[in-house]
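Multiple structures are listed underneath, in structure tokens.
Common to both upcoming complexes is chain A, partnered first by chain B, then by chain C.
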Partner chain A sequence: MLARRSRWAGRTAPSTRTLGTRELRWLGVLLVAAQLPQAPHLPIWVAVAGLALVLVRVAILRTDPWRPQAPPARIPSWTLAVFAIAAAIAVRQTFGYFVGRDPSVAFLYILVAIKYLETRTARDATLLVCLACFLLMTPFFYSQSLVAALAALPAVVLIGVALDVLAHAQSIATRTFQPGVALRRSAVLMLQGLPLAFLLFVFFPRLAQPLWGLPTDWIARSGLSDSMSPGQISELSLSDEVAFRVEFDGAVPSARDRYWRGPVFARFDGRTWSGMPFGVPDRSTPSDGAIVSYTVTLEPNERRSLFALELPAAPPVLQSGSASGRDVKAIITRDRQVLLSTPVTQALRYTQRSHLAASYPAASPNEGRLLLGLGEGNPRTIAFARALRREVPDDHAFIAAILSKFRDENFVYTLTPPFYDRDPVDLFVFEERRGFCEHYASAFALMLRAAGIPARVVTGYQGGATNRDYMIVRQSDAHAWTEALLDGRWTRFDPTAAVAPSRVEIGLGGALRAGEPLPFLARLDGTWLTRVQLAWDAFNYDWRRNVIGFNRERQRTLWNDWKLDPYAPWQIVLLVAGLAGTWAALVVGGLMWKRRKQERALVLWDGLNRRLARAGLPRHPYEGPIAFAHRAAARWPQFAIAFTAIGESFAALRYGDVPAPREREALLATLKRAIEVLPPPGTLRGAS
Partner chain B sequence: MTLRPASEPRPPTAIRLAQVQAQLARIVVGKDAPLRLALACLLARGHLLIEDIPGVGKSTLAQALAATLGLKYSRIQFTSDLLPADVLGVSIYDERNQAFRFHPGPIFSAVVLADEINRAPPKTQSALLEAMEERQVSLDGQTRRLPDPFFVIATQNPIEQIGAYPLPESQLDRFLMAIELGYPDPAAERELLVGGDRRAHLGELPPLADAATLADWQREVTEIHVAPALLDYVQALLAASRGHGSDGGDASFGESGTRRGLSPRAGLMLLNAARAHALIAARPMALPEDVQAVFPAVAGHRLAGGTRAGAAQAQALLRAVALP
Partner chain C sequence: MPAARSTAARASWFARWRERALREAPNDVGPIVLRHSRIYLLPTRRGWAIIGTLAMMLVGSLNYSLALGLGVTFVLAGLVAATQLHAFRNLAGLTVAPLAAGEAFAGGTLAFTLALHAGTAARHDISVASATARAGGNVEAGTVLTTTLEVPVPRRGRVALGRVTLSSAFPLGLWRAWSYVHFPLAGLVFPAAEMNPPPLPAGEGGHDGLTRGASDETDLVGLRTFQRGDPPQRVAWKAVARGAGWFSKEFDATGGGGTVTLAWERLPAALPVEARLARLTAWTLAAERAARRFALRLPGTSLPAAQGREQRIAALTALALYPAQPDAPPARKASRRVSRGRNAP
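So, the complex of A and B:
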């Protein structure tokens, strides 16, 4: 019975060993570090509750001064089940569903904290470290930016510390644990692992499709939407968020030519412009205008529209990043929109060619007949346009007359137009005269239609700011303009340019009056803050281009450049094995060399200890160098001088203040020579 | 050969300290180790507690130390009716000058022998101990500095505890070291018996130093080098004294027999004492041997169970902790 019990106890001892206060505290630190990067992506109550649960445990850890022997406090187990069920219900209530990425991540976030509340043994702790690793991965579901990677870094280092603490506890005999040392050790290990990580990054074969899809939930993203009503774009214009970035092959077109065409709206209901329900592919290519070629990196926006300079010449060449792999196609529709077959859920890179042209031939002469609808309301505008049309029968003169009306009649370009509820165009044109680009584009298109000229509204971005070798287009560059069918050609008219020419020439910041609210960056134009922000953006862009965007094709290209055959796996395997081996040899060799250099005295001393132990005089573990040398000299008086020299030189090397390398070398030489004087252990044993 | 400790001429301090030791050894016969500890304690600017029976040479040691170092000596015999004013001094109204005049007590000496400190009531004890800690005396709203150097040797008789007020552990902490003198060995005893009372020779001792020299030596102690490897060792000793359960630092109340571990201050004092010991041994750096030499005296009265049991415990700790 006794034997059985002891064997049982022996087997389970390591995993059921109760954790000490310090180990639990470090686990708490690790968990907080793993939770923090995820917290911004969660509903606020989840983020706070998860952190609070961890902090509660850390707070009750303080040893009870009256019962110092008691194990660290913990919360009774049955309450944890209550917590978990309450959390599950609350998460379900918050999200409205439970099986999905967001609620699952939120539940995991809380569950890890609950697990921590009941953690008591070493096995729990190991499990908790694994859970922390998993939790640490979840922020990358939401963002794979450089910031996200950096935010995960502290927790990665702390995982090392936590494991260190756990491993330490079992053999903590005489050494004291120092957090600084553990942190440094963990950081050094991470640094040493970097080359290996880089090697695998470059050489581990990328899959054309991920093993499992990145789970996606529907997220509301800012960006141009599928319809346009007054006030929408001006709201967008206050956002500094990046819409996409562009690299041009060759010269950058001038600002007035940079109309990034997006969703085109042909239907008008009196208030809102919306698109035609079908996008018919079109293969015809306009042939006039200078050709530019460029690569766009589009931020995920959950929509199908891609953006191209007017006018896109051919469907884009997709490079990387779309969520669903190879079946994604892009087309150009009849109204010259570039559409993707699936929504853009991850940053997407595509190369696009465009003609810089402000007009292009209509696909068919009848195309315009559908584009004359006036919607409901706005009688004054329609009447005004018809009256003007009777005076000015010529299309071009009519358009010029309307544009000069906008220019001359004290219209104001503003980001904060009043809210127009009924007959919005009437109110805008005849009462308030304050509007943003969508008001002008909408009113202009309606007037053309009332006069019998087919017209539609194009939304997209206008302008963009150059940063180093690429261009940033932000949400604040969102714009709307008008296309009219004149003489069988669709021609671009930008009524906003008539009111505020500088909007097109300089950008939003230059076009608005003083005192208008502006996106943060447009306000700071030219200050050092802008420069810092742009430098950061460039850095982030490089990260996206070269790290996130390093996909199968780029891997293949790289291998080709290095004359590696992607279809001969053994080449890759050999190369990786060779490089990894070299790396390991370098690290291990470096460590050994450093140790040798630093602790040569210790190595010599240990060697001497072994020799004397074999000769029958082992050093006591607590015995200092002088004391041991004394004892040895007493045992072998004929070598007393050597022993004294050994003891004193080693003591000076290990405990003395000998900063000069030459002096150290001399002391080392003394130590070495004095040890060499001694005969081998066998002889010594007999010599006493 | 550039053997630092061996080849360098022994620093004059060390020679003079050796002379001091030799002179002391002529008076206090056969007690080299306690003498060295007492000297180290003085050099480390600490105070000394001697626990021993009467007649083994406690006051002789104090007197010899004061005489050899050329310091002013005074002795306070603690009794159950001793008042703080008897130790610190008192202000008396002077008729002629129409003012209070302060008459400094016996504590205003460089070397003070507080004999049988556990006989005095706690109020008097704490007056002395406070003065030891602060190195100044506050009386009648006036602060008076004690001389520098200032060294208290307190004795207590461990056997006759009836009617005595044993020092509480927190007060014991004010003493850097607690040592026992013990009976002399037969050879030393024979010499004592033959040579007669050594106190007769006390008056003839030439002073080998003065207060300024001693201050210099005390400064030199602080310059003794302490290597990281030695700090590792001291930390290991401290951790071991606290008894290390799985959670190290918090287990000072652990179940491993030691009720009370060494405080960080004790660690600092241990290091200072080791430095002083290294200076006496004529080394520019402190070695584990120095730490081991002073450890029982420094740690003994801080560990549980009285000085004697504590010193045994300290010895056991020394044997249990390997050099890192």
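So, the complex of A and C:
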């Protein structure tokens, strides 16, 4: 009974305590700081409404000058439910569904603001701080860039400040709240916690597979898609976004050999090229052409296609798995695509070996029979190809004739082709003659098929820019080319190269006419701005590789590098606990050391008191320094001068007027020297 | 037999452990420095809420492979852990010394004074709480904070302070660090004086202000403000008539008044024990106020006639410690607790 009551007495104020204006205001500041990083990823009305609700409450918090004691203004509790239901319906209307990541994040964002409108008690405040913690995490669903990480930091510090304000209101001591002190304290606490955070980040075991399913609306990012219709790649080419980065083990192949093979499309409906519904694995290894080995860091793109230089020699060695983490495997299909068993949902690193070859033997002689479909429409192109075929019966000569048609006639390579509505190939070849790589590849493949030569479209990337020791391949490097089955071998033909040879030699920037809209970084002029951009990219690459991409496999690799692999998990846990203990000792010790430095006189005095107590002369609690020094001098007259000096200098340091720094140093030196004069307690005890 | 002994040993080991952990006996003597063995740390309710939130964020980040989600979770976890160290450091090295226990009448508050020596570090928001009282504040580095616990005391007797909990939720209110100290500090609670008691018994020899009447001018020492209950014959009617206000005449009883004997056995037989004590207390105070010699006779205790502060305290102490009746459990419990503590080896 007694114990329980005493615990009650020790407790701070109950959780139903009404919050004051200052606490509510700081909670508002915290919420805004937690909302801001999330706002850009939300529908505009959600972003604005959430912020506005918080600001409205902050605005009406101003104390009524006529009723200073009145509780802070708020909305009645029952309206919380009304607001929440209205917000849920509005979110449902905006997204078209409710159960999913994006609507949930939007709902949480707006719910926090509504809760803040109604907040009254200390318990509500705790809930708000917890919700703010959650809000800090949600922007990382959308972006894990360095900017996103830095954007979260102010809110982390403000969480500390909000907790400090709440603790201050419950404190038994009466002290005025100083925002500066609270901010500094919170920042110091965060900085002191960083070593532990780092330790946890490196050593905390990651999940091999998710505990529950990933949300279905995991965002579809830009990149090559599962089909190709006119205009798709040219749109992609306006993007500076990074598709993947490559480190070559040896020499970097020349630009004209850097065809990064991606999705292969064999079916054509007259407008859109699409792939086979499933990839047939193939174990044969074409063995001609120089071998290159390299490591690709692929940005998450939610697709299963990996990219490899033509032609991939063997399935890649995965260094870090995809987000879903299940037993991920990569295969090479019969049409020489590298496919992953699951979509790539986080940065993926893999090592790949390729033969630099522009042709390879077909898996079976009958393969070509299925690849002659012409789709609907485009009668003029088909008729033209058939007529040409009658004139030129040889396959190679026929292909050369078509390429020369593209080269010699007035075809324009452009990022802004007109929109081809019906019979797109006919319109492109015979009317407008303006197109991007997909138009050329599509027309070329259709003409070959019309002439009875099996052909298919390959999409991927072409080129890439070297930055320091690695290569960046951007979405603007997206490309489409053609493969034709000639004499039992699939042979690469790039009709775009016939129109704009420099596209393949030096990239998009060299191939387009002046005045074309061009992604900024694809331009060739090496201004300082480009260099800054590239340095930034290098940094982002490291960030991606070492922070975002730090998953289970990279963790294992790091442990191996640190020679931790022979140890059992419990030994590693012990090691981490030891490091955490060292951290705690350093932090506590650092606190003591800092204070000791501030209070050197006091420390010296305390030490002397301990020594004299051991020598048989403890200081009475009521005894001042001078009185105690007198008593000690009387007890040991041979040290009377030292004791007098000690008593007077300590009294001056501790209780005198604030001395000038130099004077203070002199007093401290006197105190220290006088104490050093005294013999150790054992000798002192014997002396009289 | 060995089994019994080992059981006993285990029991005593457990008792020692329990005593060390909970400090249920008043065994702390002199100033106590709070060290790690005495300091406990647990999250507050808000701390638990934050820790739970961080756990959920951790699971979510792991599930979705959000590296930065893990990052922000761990940074917050580092902040919470640093807060724990600061909470520990806030109490560690603080020195608590018992200063004094006061006196009080039942129904009032008994003041216990403790001194908190900060040592070399500033201490924030130190709460000092006994079972029924709470005090505290900040202690600046190198200073001493004297805190007084005003313990409400409903009953007479010797009242021990009991175990005191020093606690603080500094810096962010996420962790509560606390320590128990249990000093053998006890104060005396005198019985509450009876309201409107009968007048003092007649003195032996000399005269009594009431019995002699108000006409004896020789012993008049002065006037004091009229209080309700003063007999009409003492009212200074002349002053009232002058319109100066209401005053009562005061008589110097020492010269003429003899020793009063406040005797238990002379009280009406029907009066219950606590009522007797209350009346005797009221008379003691009245005798002291009237500056008269008095003797006190209780069953088993007898104070010879004397006068002055010492006599009053001796009489009140005897009344406070008069063997208590079963209807006064807290006082008895407290006094037994103290004696047990003292007799412990």
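Heads up, the rule we're going with is that the second predicted complex is superposed on the first by the 560 of 688 C-alpha atoms of A that agree within 3 Å, B and C clash if a C-alpha of one lies under 4 Å from a C-alpha of the other, contacts with A are read in each partner's own complex, and residues count from 1 in each chain.
What we mean here is this: a residue touches a chain if its C-beta (ideal position, glycine included) is under 8 Å from a C-beta of that chain, and two chains touch if they have at least 3 such contacts.
Nothing here was measured: the structure is a model prediction, and the numbers come from that model.
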item	value
Touched partner set for A:F201, first chain B, second chain C, both or neither	second
Broader residue contact with chain A after superposition on the shared chain, chain B or chain C	C
Which of chain B and chain C A:P621 touches, first, second, both or neither	both
Which superposed partner A:R654 touches (first chain B, second chain C, both, neither)	both
First, second, both or neither for A:A613, with chain B first and chain C second	neither
Partner chain(s) touched by A:A152 [first = chain B, second = chain C, both, neither]	second
A:I548 touches, of chain B and chain C: first, second, both or neither?	second
Chain B and chain C footprints on chain A, overlapping residues	170, 172-175, 621, 654
Chain A residues within the chain B interface of the complex	17-23, 63, 68-69, 169-170, 172-177, 620-627, 644-645, 648-649, 651-652, 654-658, 663, 666-667, 670
Of all residues in chain B, those that touch chain A in their complex	1-6, 225-227, 229-230, 235-236, 238-240, 244-251, 253, 255, 284-289, 292, 318-324
Parts of chain A lying in touch with chain C, wherever the complex brings them together	2-3, 5-7, 9-10, 12, 15, 126-127, 129-130, 133-134, 136-137, 140-141, 144, 148-149, 152, 156, 159-160, 163-164, 166-167, 170-175, 185-186, 189-190, 192-198, 200-201, 204, 206-207, 210-212, 214, 323, 325, 345-346, 547-551, 584, 587-588, 591-592, 595-596, 598-599, 602-603, 606, 621, 654
Residues of chain C defined as touching chain A within the complex	22, 31, 44-46, 49-50, 52-54, 56-83, 85-86, 88-89, 92, 97, 115, 119-122, 124-127, 129-138, 141-142, 162-163, 165, 167, 169-174, 176, 178
